[in-house]
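Both complexes below contain subunit A, partnered by subunit B and then by subunit C.
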Partner chain A sequence: MVNVSATMTASTDQRSRVASLLDGASAKVILPILTMALVLVAWEYFCILLEIPPYLVPKPTEFLGRFYTDFANIGYHMWATSKVILMAFVFAGIIGVTMGYMIVTFATLERGAYPLIVFLEIIPKTITAPLFVAWFGVGLSSKLMLTTFIAFFPILVNSIAGFRSIDPRLYHISRSMGANWSQTFRFIQYPAALPYIFAGLKIASVYAVTASIVIEFVGSTEGLGYLIIEAMAFMDMELMFAAILATALTGLLFNLVVTSFERLVIPWMQYRQ
Partner chain B sequence: MMLNDVRPEGHGEEGPEEIMQSAAPTEAQRIALSGRRVSKTFRTKDGENHALGPIDFDIKEGEFVSIIGASGCGKSTTMLITAGLMPATSGEIHFRGQRLHSPLTDVGIVFQDHLLLDFRTALDNVMLQQQIRRLDRNAALERARELFAKLNLTGAENRYPSQLSGGMRQRVSIARALVHEPSILMMDEPFGALDAITRNQIRYDLELLWMETKKTVIFITHSIEEAIGLSDRVLVMSNSPGTIIDEIHVDLPRPRPVHLGEYPEFTKYANRVFDIFEKIGVYRFGRRN
Partner chain C sequence: MFSRRLALAALGAGALALASAGTASAADKMTLTLNWLAQPFQSGFFLAKEKGYYDEVGIDLTIIEGKGSTSTAQITAAGSTDVGFVSAATAISLIGKGAPIKIIAETMHGNFQTVASMEGSNIKEPKDLIGKSVAVCPGCAQLPMLKGMLAKAGIKEGEVNIQNVDQSAHISMLEEGKIDAVAGDPNTISIEVEERGGKVRNMYFKDWGIGQISYAVIARNDKLEANPDLYKRFVAASLKGWRGIIDDPEAAITALQNQYKEIKLSRHILLRQLKEGIIPFICVEDSPGIGKASDHLWDVTYEVMTNYMGLDANIDIDAAHTHEFLPADLPSCDLPS
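Our next item is the complex of A and B:
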């Protein structure tokens, strides 16, 4: 009797330990990793089972290995692309927020510029990559221009929404306090628009990666887009997949930077309903 | 009185007025705010909408004045014009005998919605006054804590507006309007969005606070109970265009009980407002037997 009950407690103990591992905070990390590992194992297995030639689809072990052995080369191109994204991000942020503020503040500007913004917003802007190369040549300036141009729109549109979200009666209160425009901006408009601006920055971080890669396809001598095109020319699928992985990691990294920056700058967000 | 006598002829704003300011008799100083032939016409796409006036009013220092009327009768417009936040189409506002040309700053304003900044804690919302007006921080902080205590907000200092109940948010909003110790408090349906129980409590607290500080108050409401329960004087407004059609001096002892309905004096005042409202068509009570 004693023995039986002892084993029973042991098994329920184990089960509850597994259960507690699968819900709660750790599940947020463990479950996705498990899923990813499963996909990679299945991928590897199917490649072997169906005898897929490596010049079509490489095995995960092969391109992950390549990612490791060629990291010096991949890392160099990763930094070249990241540099463009980082600089474009700063430019797009400054120009986007400033223009958003001006457009909301001056009604004439809004009436004049808004239809144009909506038009430019809806056309797929990556198609202008060859144009930017033709105008600004192969190299940093054309990459920077296109990436800024593309990252700029979500930031602008969200800044406009942010500055517009403020109840106009709040300006009655600030004016009765005797606030000048810079105080109104600093204490009310800018912090009120920040969550919207960050929503724009998050979208921009995704767009910026795409934009920088596309223009590197068209005309560039370095960067992950260049590396992917090079891999295609040599039919080097392992390098191609390793480069795609590097691109995904770059995008992830930028998103992480924006998200952590957001937590730092707007700590009150967690209290919002 | 002297001010009023001289003004119509002496249109020159600079010369004679300065002399009068220094020699102004106490009688004239007792008027905090006055409106003369104030009217407002809004331009809409359907043409012009004559919303307000012309109205005349005088509000004494330390007086609690309510403006009561139906929705859209121009009560809020009157308040905004008086605060210098909206230009009048015609007429003028005087603050302590001087014509008002820019927003009044010796004032605290409370609207129906709390209009707190959701990125600031309750205390920081109140301290916005200190930051913008560049007041002494410690003195303002002390005053804010005092107000928090009087408004039953102790413990809410470091909470964000989204963590507070509707009634508490409105209390914070009142604290923000008083922390810089303005001489005038303007409230536009401040309890309009609150439930009946909260409304009674906050009304009672406001009266006690007012009795301590004796600020000049302009209180916009559509509640007869609030108007008579709080005011020294009630201005009754008619609809489109809004004009002041009656003035009721409320002579009841303070603090007034919350359950005013039981008092015959209250009923007398309330009936007077009901009668006016029925006469001008705000209420349409049929004959019931």
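Our next item is the complex of A and C:
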């Protein structure tokens, strides 16, 4: 009886250790890495099994190898794309949040401007990208403009939702306590809208990467989109896939930065999750 | 009496319909994927189709527009199309990477691609590009050619600002001075700019050491082995069309416009593109005939591609192409006087 009990206690302890490992902060790193590793192994296996030619789909070992050997070049283009995304993200954030607040505060603005914004957003980016290049030339201006334009919409939509989410009774309370406009904004509106704004920022971080790559396909002198196109012209599929991997990593990195910033700015949200 | 005649007539009509259906189904279906959207420089195929040359040899040909030589070469290697019309350099690069395809006819021997600049820019030779910006369309065959020309001229990477720019923006950017030069097809750049009153200077890649075979027809090896007669018939009919564009460029443009009604360029410009930008390049000095490049040109192609365009020197260039599908009597390269 004692032995059974001891065995049961030991296995329960083991299960709790595994569970705590899986639930812990390390799980957020280990699990995605494991999943990615499994996907890559399966990819490698199927490429070998089905004899898929490398000029169509290279094996993970091939493009990961190129990622390593060409890291200096890939890193250069990764930075070129990243700095555009960073700048565009900041501009998109400022414009999106400000406009979201204005639209919620002034009903006329919502009725007049919002449908136009939605209309402009719906136009496919593969059409607007060449236009931006034709209007603003090849270089930072066109990249920044298109990336900002695309990234700002999810921030705007979520900012509107955030500022609208506030219980109107809080305004009565704040007014009755003598709070002015800036105090109401600082202590009630802004903190309440933050979770929604950050949700928009996380979506925008992915959109911004996509937008930047699309415009680099159409008009650029550097960046991951440029590298992908150049690799394609030389039929260098390994480099092309290595650059695609770098693009995905860039998106992940930005998402991670936004998530980390979110924890810093709204730490109370962690306890709700 | 009347009903008997009617019955006989119906029987006769039925027999005729059956016979026609039988004849139609005997034609071999083939797909040809082009390197790009339909343009005068592919009009050898359109003319052959318009004149019924493919029908005569029992081929029901469907021509599909492409999205770049790279994509067409890959589609051909994957077996998704029966034949591809691509930049020879792209095909050779893909063959070098193990693609099971072969060049079965070299339809354009002269490299007509250029670096075009406005007359006042004084860009006359590769060294004049140092410090300047050159636009190249994304993923296009001109990029390896441009880099090859610069390398041959001893110009280092980075000394020329190469910009990835969608083809639709090339002319406006060149005219507005937003770009110093464009690497591309003079038919879509120079002629159009000149028609709008501008003056363009063309620096041909072939004049600066990048004179490899221009465009070729490719097919997958297993398809060639499975039905060699089909491909011989296809090549024969196609080369007849290519000879036809030299003899009758007007008919070639008519064929293009009939088959691609969405082309908005004027007939005058299309004819200029064909007569000035294509016909003089179908053959070069030592070409034995349309469809077959000389051994010397193949040697030049190998030298240019291995030295300046990143091709692995171990490639067996002779195995990359075959002349077994060419007709015994090649159409001549002679230009009308």
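Assorted remarks:
Quick note on the criterion: the second predicted complex is superposed on the first by the 223 of 273 C-alpha atoms of A that agree within 3 Å, B and C clash if a C-alpha of one lies under 4 Å from a C-alpha of the other, contacts with A are read in each partner's own complex, and residues count from 1 in each chain.
The rule we apply is simple: a contact is a pair of C-beta atoms (placed from the backbone, for glycine too) under 8 Å apart; a residue touches a chain by one contact, two chains touch by 3 or more.
Values in this document were obtained by computation on a predicted structure and should not be read as measured data.
Once the two complexes are overlaid on the shared chain, A:174 sits against subunit B while remaining clear of subunit C.
By the document's definition of touching, of the two partners only subunit C reaches A:56; subunit B does not. Of the two partner chains placed around the shared chain by superposition, subunit C is the only one that A:234 touches, whereas subunit B remains out of contact. When the two structures are aligned on the shared chain, A:207 is found in touch with neither subunit B nor subunit C. In the superposed model, A:67 lies in contact with neither subunit B nor subunit C.
Judged by the document's definition of touching, no subunit A residue lies at the interface with subunit B and also at the interface with subunit C. For subunit C in complex with subunit A, the touching residues are 70, 73-74, 77-78, 90, 93-94, 97-99, 133, 135, 138-141, 143-144, 161-166, 168-169, 172-173, 178-179, 310.
Looking at the complex, you find that subunit A touches subunit C at residues 53-56, 129-130, 133-134, 137-138, 216-221, 225-226, 229-230, 232-235, 237. In the complex of the two chains, the subunit B residues touching subunit A come out as 80, 83, 85, 103-105, 107-109, 111, 113, 115, 117-120, 128-129, 131-133, 160, 162-163, 176, 180.
Remark: subunit A residues 167, 169-170, 172-179, 183, 187-188, 191-192, 194, 266, 268, 271-273 touch subunit B in the complex.
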